[in-house]
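Just so it is clear, A, B, C, D and E label the chains in written order, and each chain counts residues from 1 on its own.
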């Protein structure tokens, strides 16, 4: 197990001048508290190394509450301030798949080192490693606070991109001319709402995390970086809320169209019925077989009746016109 | 009464090195403020020992407001900071039954002892006692703050598990293909909503308790543990809200399906009526018994009328086609 | 007027050892700031003693803003911190009547005295006077802060009891099997909602009062008691909100039942119409009196037509079966 | 312009002992910062005296940001803390008209003077001037903080009275027995909601102003008075919200009545149709002119058919009874 | 590129006495930290000058996090407090177009200089430059805090004007007499709601920015100005919410009119049907060709039947009158 752990663990050590990427050959090599001015970024893939985690925590005199925290089965997004150490766990949306699943990531941060633990290799943080290696930007001039900032920014940027991509798709499917008062269309709208709720839950959770990071007071941890990404999450949430309101409008429209169509249908039926029911009744009257119906014998009876029917129809039409039914 | 009380009360005394489980033989033996460095966990089953509570509180010089608090008939979830002492009362959901009833638990906590009072033996905290006995994890290295943390975590974990179990059940019953626009289905959705509101009320109440615990400032009580479980409750509440929004979508769908079906039904009726009402009227006209209806005598009258009827039908169908009714 | 005032004013003076109940014989006797260690509870019934209030306030060097406050026509629930003095006014629900009216109560509180002014004698606080007289509980060991706590607790307990009593009534009337999609049932639900809003407004108002009491910083006033009753109001509000959500579900059910019934009614009409309208039309055709309708002369014409009608009916029924209309 | 300004400006100077009402004869006479212990209340009607405002501000060494603030075209409700000076601007509802328009008022307050600027003379503050002149209450014993409190209280009391007057009107029009499921009634309810929203906006705006006044820390400005009126606005808002919930219930009732009536109408139509459509069809059958319809020749054919029709009707009625349609 | 940058960059340098507008001839000329008491307003059009930005930041020893911030692709509204420097980025609504697009603006503010970066020249801030040149108002007496205040006020005033202009348009189109229960009208209302949501999002975003500016504590930056514009945004948001509630009322009205019309239509159909269906049935009965129908032979049979029909009609009309259907 220890070998697997060592195999799945990488160390990047850097300062303004130096950059070195390596692996550990034994657990005892993992020295987090040495006094070198370099910054260390340790990355582990996998959460099941309970014994190794315990050894490292005890060897390096880290807060032993970390042992309990790393044993936890499930991890919600949380920030816990330990003795001069931050424990950050994030439930990241897996945005590369159609269905938005979640993946947990853990970050243990002190001014000197950042230890990230992920489920399996992904492509979130590749560009950060590249910037470190190439000494691009200011990342190598800064400490772990800036590194944590870049990591969380990468997650948010990813959310934003995925959100924008999905939004375009949804805009195309739900555009105004497509609105149909059918359960299928309602279903499309409601499914998009579900997706937005998922995004919103993830974004709010991330925002809460950053808000807590912003309030952390550990010597050597600069929290100004976090206000930048906090505002990014706030804006993402505002965008999502905006689209949710758009969809709510579509639901209103669907119900309004349904109501309107029903009115149209019933008006059609009623107008036709109101005109023809009395006429058909009259025809029925003179279709009766009574021996003594004097009108039937009248020479112009048929024509007089037709005239009466025209008058009745005209009155009915005039009545509906006055009531503005058509 | 005193004997019953002693019988229903257990003491677990522990430190990193020691662990001892015992019973008291008299009330006067219950010494909460001695200077031993051991941590004491006293557990009592039952709330009716008013006199015994009073004796213990006065004998141990505890804040006498505790007397009033322990006499209270009903206990809502509350945290009260007394002189160097915490009074915590929680209304716990009984998650082992189908119907979600409540059970009250009281915890009186100082840095040296934790006195828990429950209605009757349950299986919430067995694993904590086991960890204490087996010296698993870090619990014996820590004081009562950590013990209280484990206790509340056990309650939350229980809520989460029950919530997840019920959610699966509900997902199976309410799945998309089952949506029917009937009152019965609406009732299913609304009942699940009621259940979620019950969970949410319990989770919010617990969250408020933990928030207050997090702010407590008693020497020797470390509040960092509580941020961990606070975030757990926040996440549980977010999950519940998410499912509530899902259910709200289903309600919208139900109404949309109802509206759609009504439209379909009425269109069917109207189309058929609009086609046949004029035809039936015409048949009625020529079923009249006027002596002088010239058309009746025409050799092809019948065939001409049939032709007219076909034309009327075709016009009606064309009209509905143009209006996109089908 | 002075005599009426003295007549309607009672003094209870108590300490751990002493208890005395008396009346004042003149306004000048009312000495609120003497240095006795006893606690004084003065109670006045009636708000119209403007001159007497003014005299007492000036004689005892109380904050003269009290004069203005006691002159106010209407009193909303408020807490005002004056010079080492609390002015508390509460709009109490009169829970003894069916209709929930309000009654105002004023409490002027310093560490040494509590002056309560009520509209007219009620039965809210009798048990507190009894506890004082009998030296039950810890009330005589405590000062006015504890007395104010007991008074407000009495008000809340009263709300809770009334709420629970009304809830049972409402549960009986609105139980699931009674749900009817009629305006009368909707009215029952909406009336209960109104009642709950009244309770909620009173409970929120009381909670706000207690929150402010909790923050008061007057030497000798202990605010820990108020956290206990604050949580009680929070729980009452949560209970009310829970029932409100239940009622909202019933409204949804009512609309769902209405929609469902309309669909059932219209389906019945449409199915019957769709089957019979063509048949009646056919009967009308062969009821016409054209001289030349060859079918009428056919020996089996009648039976053939009946056969055709059966075929049409079967097709219509099959069509509706396929569409799952019944 | 200066003369107009002097003409429209009045000075009331008062202390516990003195009261003097006067006009200024020149701008240079306006000395706000003299060391007299009297309190000055300057009132100006009109906002267009830009030059005069500037002169007074510069002559009296007031914060020059006041110049900018007094030039503003439009004034929203705001409180701005300047150097030992408060700038308060309030958008007051004109409650004397049927339509609730707004009027702006500005108050510049220091411990020694209060300068109020209003659009035109109104009757809001007459009673305060009267109290000052008659030395009623405690107003002359207090400084400008108390004066500002009385001014804002006058505004709120005015809102409350107008609100209550309008509420009575609305209660009369919208009472339970008047509820009709018509657009006109819906319109009445929605118009009352609009009016309430206007009140609520004004009350919230005023509450925010008072909240800010409560937090102001200027030497010599006592903020305890403002808690009294803050609670008054909070209560007014709660009352408005309560009535809004009542109106929302009426909207629900309207829709419920509409749905119920539609159901009743359609049931009537359907029951009648279901009974008569088959009967009319049967009559149609035996009204056909086929030469060979044996039943027609049967002696009791007519009576048998009538019997069959009675049976069909009875079955239909029984069917609807079983379905609880009537 | 450097030339383009210098070309698109302008410097306005001012104090109470001086005013000078100029361009830089090289990057090295841009000296932000010199000790002159003048205030500098540098304005750049365009965001793509990455190298130039970096040079200026490093040359002037500004916080190097600015480099990262200025490289960002997308800018949400944000305020970041750097070392004695404010980074403000605002997403401004482009109110000059019909469709409300957004444009980003960046402001870097220290007590001595304000560096604004915009996409392209606009007419927002022309009047500020004019006031500076003409020494109108107090702007030249103040530092960059006041300048930033004027800039943001210009943005808000612009929002308010655009909002008011659009509101008038919308009021004209959506006025009470125009309400139609059609999808087109619903669409008008929902589109206006979308527009309001856009305004509200922009206004909330701006308010959050100002709230953060109000809390900034940099020596030499006076935050009192920002309370003035904060209240302006709060009022704008309240106005928007008010109109949103108005529109929500219109949606309720639309549904109420739809429901009412459907009821009217169905009542018309039902009344007519209930009257004529039995009559037509009776006519059908006596149109049957049974050889033995005694009534047909009666001399007054026809007249008796007509009498029966009149009675039936009168009963039906009386029934509907009693049910208040018309």
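Everything below uses one rule, namely that a residue touches a chain if its C-beta (ideal position, glycine included) is under 8 Å from a C-beta of that chain, and two chains touch if they have at least 3 such contacts.
None of the values given here were measured: they were computed from a predicted structure.
**Student:** Stepping chain to touching chain, what's the minimum from subunit A to subunit E?
**Tutor:** Counted as steps through touching chains, the separation is 1.
**Student:** List the centre-to-centre spacing of subunit A and subunit D in whole Å, with centres computed as mean CA coordinates.
**Tutor:** That gives a centre separation of 38 Å.
**Student:** Could you give the separation in Å between the centres of subunit A and subunit B, each centre being the mean of its C-alpha atoms?
**Tutor:** Centre-to-centre distance between subunit A and subunit B: 23 Å.
**Student:** Counting only residues that touch at least two other chains, what does the list for subunit A look like?
**Tutor:** Residues 255, 259, 262, 266, 269, 273, 280, 284, 287-289, 293 of subunit A touch two or more partner chains.
**Student:** Once you've mapped the touching chain pairs, tell me: line, ring, star, complete or other?
**Tutor:** ring
**Student:** Tell me, which parts of subunit B touch subunit A in their complex?
**Tutor:** Contacts found on subunit B: 137-138, 141, 160, 176, 224-225, 227-228, 231-232, 234-235, 238, 242, 245-246, 249, 252-253, 255-257, 259-260, 262-263, 266-267, 269-270, 273-274, 277-278, 280-281, 284-285, 287-293, 325.
**Student:** What residues of subunit A sit close enough to touch subunit B in their complex?
**Tutor:** Those in contact with subunit B are residues 64-65, 67-69, 71, 74, 76-82, 181-183, 186-187, 190, 193-194, 197-198, 201, 204-205, 208, 251, 254-255, 258-259, 261-262, 265-266, 268-269, 272-273, 276, 279-280, 283-284, 286-289, 293, 295-302, 305.
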